[in-house]
Amino acid sequence: MRDVLRHHLFWPVAALVALLVANTVARPGFLAVTVRDGHLFGAPIDILRTTAPLLLVALGMTLVIATRGIDLSVGAVVAVSGAVALSHIASSPNPDSPVTVLTAIALALVLCLLLGVWNGFLVSVLGIQPIIATLILMTAGRGVAMLITGGMITTVNSAPFKVLGSGFWLGLPAAAVLAFGVFAVVAFVVRRTALGMLLEATGINPAASRLSGVRSRTLTWTVYAASGLFAGLAGLLISADTMAADANNAGLFIELDAILAVVIGGTALSGGKFNLSGTLVGALVIATLERTVTVLGISPLVTPLFMALVVIAVTLLQSPRMRERLTTARRRQVMAPAEPPSTARPDSTPDSTEVKA
Amino acid sequence: MTQQTTPPVVEMTGISVEFPPVKALDGVDFSLRPGEIHALMGENGAGKSTLIKALTGIHSPTAGTIRVDGVERRFSGPADARAHGVSTVYQEVNLCENLTVAENIMLGAEPRVLGGLNWRAIRRQAATHLERMGLDIDPSSSLGAHSLAVQQLVAICRATVGDCKVLILDEPTSSLDTDEVAHLFTVMRALRDDGVSILFVSHFLDQVYEVSDRMTVLRNGTLVGEFVTADLPASELVQHMIGRSMDVLEAAEEVLEQAERPADATPLLQVVGLGRKGSVQPFDLDLYEGEVVGLAGLLGSGRTELARLLTGADRADAGQARVSGVPTRLRNPRAAMRHRIAYTSEDRKGEGVVDGLTVRENIVLALQAERGWMRPLPRKQVDELVAKYIQQLGIRPADPEALLRNLSGGNQQKVLLARWLATAPKLLVLDEPTRGIDVGAKAEIQKLVAELAADGMSVVFISAELEEVLRISHRIAVLRDRRKVAEIDGDRASMDQVVELIAGGGAA
Amino acid sequence: MTTSAPAPGAAPTKPVARTARARKLPVRLDRRYLPVLGTFVVLALMLIVGGTRYDNFLTPAVISNLFINNAHLIVLAVGMTFVILTGGIDLSVGSVLALSTVITAALLQAGLPVPVVLPLAVGAGTVIGLAHGVMIHYFQVQPFVATLAGMFLARGLCFLIAPESIAIDDPSFVALASWVQIFGEWRMTSSVLIALIVVGLGFLVLHFTRFGRTVYAIGGGEQSALLMGLPVARTKVLAYVVSGTCAGLGGLLFAMFSRSGYSLTGVAMELDAIAAVVIGGTLLTGGTGFVLGSVLGVLVLGLIQTIITFEGTLSSWWTKIVIGVLLLIFVALQRVLSLRRT
Amino acid sequence: ACSSDAGTEAAGGGETAAADDGVITLGFSQVGAESGWRAANTKSIQDTLTAENGFDLKFSDAQQKQENQIQAIRSYITQGVDVIAFSPVVETGWDAVLQEAKAAGIPVILTDRAVDSSDETLYESFIGSDFVKEGEMAGEWVAEQYDGEGYKAVELQGTTGAAPAIDRKEGFASAIEGTDIELIDSQTGNFTRAEGKTVMEGFLNAHDDIDLVFAHNDDMGLGAIEAIEAAGLTPGEDIKIVTIDAVKDGMQALADGKINYIVECNPLLGPDLADIAKKVLAGEEVEKRIVVKDEAFDQAAAKEALPTREY
């Protein structure tokens, strides 16, 4: 039991379960999933679909954060991606042709990859602090998106594109299949190859990594490019969701949600050890939280308060001090382990410092 | 001794500290008397640093009592300890590199005027303290600009500021050269004569014998005993520490063969006029297979910088390098690694360990980086490799999944060594590889270096301990003022001769 | 090379370190000042370019307005500097600023006198800052998350207190807000005065108190600071209290500036504050930076906005793009300047 | 107050000269570009206040920040423009800067949104829609159509605390008062399509029996349509939809039968603004409040109007 309680995913998962329970209490049929036309329907399926873009963005964000960085520009990249894809479809004579749609998707993804490369260039080559480097694109990116759409909301009707938003594959929402699929592939690649470890080494001690022959600069560059690409993919899902490219609002504040998802998932913003499964749970928690607000009928006036309380509860419960209390085993240290700097961060791999029963 | 009768300043009884599952200290007794220099001895991971941290309130013991001046106390942390006259210099230099030297010395005890800091007085007092330590550096220079050794001395300066009854020095001498050590000892003796009790950790037996009055020996977290230094022969001490006899210490020289190289051999690495502005003057150096080249020099003489140029850690702006006769540019560590050149930095904390990763990950890091991320080492191979080095170097705890930050200083150093040995280098540049390593392990490492050389590896060996350099090297390059001033045959070189060259007194 | 006096009885020791030699050369600018200097130079360049490009640009009125319009941001940036110097971050300042304006407006509307209202509004910021500090230090919650929660919380409180915007017409508050000193064409309002006082205080506290130096030490390495026996806990908590208080005060200045309280004020203003601090040469990793740099950072952001207005023909999207480009030019130039000299 | 004196001094020179050359320099500070409606509004202003029409337009986008707007207005004052016009981000907080403008002798015209000020002399005129009225019109239509059928309605609110959101909510609520239409839930969708969709999904999860959606703008309504369709229901039939704005996409959906009723909120304020600005500068009396005529469309009207709509 205590092992379960100490697992790094315990509190995020507990939060997710608590939210689902709250919803089920308020609405007994909440967890019901029905099958219609061979597709699954229901609130849990909705949650999976709304999680999809956030999950993609959070995936890129996790990798960036592992290298001690941060990417504030993802929201703007989301907007650019939607703007490019939909403008292309809207201007084509044949919006329903798969070729048009595929070209649009390719165009958008390539551009977003380039935007990511640009961020990576600023950070890894020019050595600009990540928060400022990506702030530049955060501001300018939305301008570019608006430039592309002319400031209007571009709306299209294109059946193949719409599949990304509300279509179904294998009975599940296409968006969810895509996002979770990409997530799984990336997680597999990162953990089955040495990429994960090299990223962590870069994030924890760049100097030592360089001397050990790790291509820190290339890696850093790569994760920003990846973050741009995933944000671009998320942008496609978001714009396909409403079949409209809203340069101003698409992906607004998604960077905060993504960072929150990463942190709830137990990855420290100070870089190093990262935890993709945690990010997955974090993204689900956030999407469920948003749903909960509507299902519980919380007044818009207190929605931010509610969010704050949930975030505070989850993070406090996850905090080392609380874990210590709750697992009842006393830690023998009054302070964080002291020799090398294990600065005060919630330890992502707590097992080694925690007490065995 | 008259002090026998006076009550101890610090008395610790039955101290236990646990980092489950590790029991770092188990019922250890320790007492420190007024006006003595007391050495704390033990292997890497024996629990010396932990005992000190238990005293100063960083770790809270699960059992035992601590009395300071007869009053039972549990300090809440270094600040509290300091307020009660217990100042500590911890094993890793723990100062703020972003601040000036003066600030680092005076922080927390700054003189003030009108409620604000009096910068002039701060600098003046800091200068006084520096002078007492014999450090000739500008108090308003930034600490980060100084070498580790200087930082170490500054840390000691800091500890002696204010009302200090007990001074604790955890391996203060590991990055100092002989002169500085001698100087530090003078200062320590002066402090002792002023009534300060000093607790002192070192792996250098001769130093311990030179300066300490009594010693306490720990092994594996338990107390072996307390001894009067003068009454305990070194061989017995070693036996107490490592539980084996002294013989191992002699091992290195037996292995070290005379490197017989054919006259026409091509050097593995040949550099001509290699240099870098502001770092080292252009120098020539040939490194041959199977040969250990020692670098000797004073603190700040440029040994580290030379090593960094050889290994691509810094980029040279003059001169050429040839690897096995082929001209090469050692642009970065990767380029050097491609030619099987490996470098362990002297700055373990800053440029060595990746403290948030496990022992296993730290060991395979360089090997894996070299292979590229796409070709992960098979897990089985990794486990074998890691197990091999843990065993060979005696890394403790012998747990591949332990986080490196939880290892004792000496064990971290061994992990670093393992990281580079795992890449099977042809040229291994070791900058202070034995710093902070216990006698037994140090002998093991020296032996290892000799064996590696015997197997055909070329080794560059840098150590502040001249004796060690002399013992182990086939050839010694001497540096002074960031310039290579001489190259002498290791077997024929005498200590005095090298010292003279280093100091620049003799005609080189 | 001069040798220090060897300690009595010492063996013939040689001077220990030679490292200081280079440092002892006179008039070598301290590297720590370079980023700030870079900011300053580029700021000056921008002013000159603006002055040649637009009429009426390099006038005391425009410069005065630069301060008047950004007084609240200056105060936020000062508080943020403390937090960032410790290696933390405070995302809540925009919301706390809004909360403070809303409290001010609501309480004044309810008829409470100014001397009661002002401390309450600032105090709200202090309390939130304290809560952040406690979460961050004692519960070891990451600053980003703790202050993000604080951001939601403060915004939620704003909506609770004032769903609609509230105008402030309390005569004494209006009098305070519209106090102005005129020197020729230069104008100094009460909020600018307050902001400058805060800057001065921030500078003094950082450089002439133990608290201030401990802030730097923590940024240099929290673990080291702890082992050096510095009061890390107190200092860290206090840094967030300072930031919260500054945000509260900033809210007050904003209320004086806009004479109203509105719950959606200051959305994303924390990013402006952070950007200002970073542009001013402070490292986000902590330990290096100056309050004055942050003030320069605010002026840079304000100047970018001024240039946009003077340009006068930019559509919404070009505005955003131009801000991004100016920011880029700025950061790149600053980077080049500070690299060149190191 | 003292600040006004300062304004005079600061503005001093530039102001008189400009009006003489026949070109009217007008500084316009727009809220931002947060919606399609706003884009149409901006376009209307930029297309009308052209050099041909005798205007030199200085336009700035405040990115939804009041401080930027105040800053822009101050800057217009120092630049000495002839007229200042702006759509305030918030209703309150303009007294000080408007007094500066007044002291500098620059007339101010408000567009789209009002300011809440006790001193009406601070601005010449306010051109814009009546948000409460819009809400009422929507509510009245709903009451007329569906009263007596026990409809359960949900509301997609605009940005919490924003004037249009507050006013439209109020207008709608007052219009359906006394009918048996019950407002069972109300959440903010922030005026955006995406949030409109997610919130509507939530509503559909939370309630089985929604009959009608009232959205504070078309975009949220369009989002709701997506959510309703995704739930396998037919928008406009199973669930009726009423929105405000009448931008092109909304009108299209109305014509397609997916929306049932739209109350227009006219963004084409350019011509009115040009007109008033000229009058003000010529010294003519202008009305303090110019309510832009807002129409309302049902499905038939939409089909008719669609081909000729400008936005």
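Lettered A, B, C and D in written order, each chain numbered from 1.
As a convention for this text, a residue touches a chain if its C-beta (ideal position, glycine included) is under 8 Å from a C-beta of that chain, and two chains touch if they have at least 3 such contacts.
The UniProt protein names, listed by chain, are A = ABC transporter permease; B = Sugar ABC transporter ATP-binding protein; C = Galactofuranose ABC transporter, permease protein YjfF.
Since this is a predicted model, take the numbers as computed values, not measurements.
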Quickly list, by label, the chains bordering both subunit B and subunit D.
A, C
Per the C-alpha centroid definition, the whole-Å distance linking subunit A (ABC transporter permease) and subunit C comes out as 30
Once you find the CA centre of subunit C and the CA centre of subunit D, what distance in Å lies between them?
35
Any idea how many Å lie between the Cα centroids of subunit A (ABC transporter permease) and subunit B?
43
Rounded Å distance between subunit B and subunit C, as computed from the means of their C-alpha atoms
41
Note: subunit B residues in touch with at least two other chains are 58, 77, 90
Which residues belonging to subunit D are in contact with no fewer than two other chains?
32-33, 39, 42, 160
Among all residues of subunit A (ABC transporter permease), those touching at least two other chains are 146, 151, 300-301, 303, 335, 338, 340-342
Interchain pairs in contact, sorted by label
A-B, A-C, A-D, B-C, C-D
Touching residues (chain side subunit A (ABC transporter permease), partner subunit B) in the complex
192-195, 197-198, 200-201, 204-205, 207-215, 219, 272-273, 332-335, 337-342, 349, 352-356
For subunit B, which residues are in contact with subunit A (ABC transporter permease) within the complex?
17-21, 49, 53, 57-62, 76-77, 90-92, 313, 332-334, 337, 343, 345, 349-357, 361, 365-366, 368-377, 401-406, 408-409, 412, 419
Which part of subunit C faces subunit B closely enough to touch in the complex?
1-11, 13-20, 22-24, 30-32, 204, 207-210, 213-214, 216-217, 219-221, 223-231, 287-288
In their shared complex, at which residues does subunit D touch subunit A (ABC transporter permease)?
32-36, 39-40, 42-43, 157, 160, 185-188, 190-195, 197-199, 201-203, 205-206, 219, 222-223, 226, 229-232, 247, 249
With touch defined as at the start, can you tell me which subunit C residues reach subunit D in the complex?
56, 59, 61-62, 64-65, 68-69, 72-73, 105, 158-159, 162-169, 174-175, 177-180, 182, 185, 187, 189, 254, 257-265, 267, 302, 305-306, 308-310, 312-317, 319-320
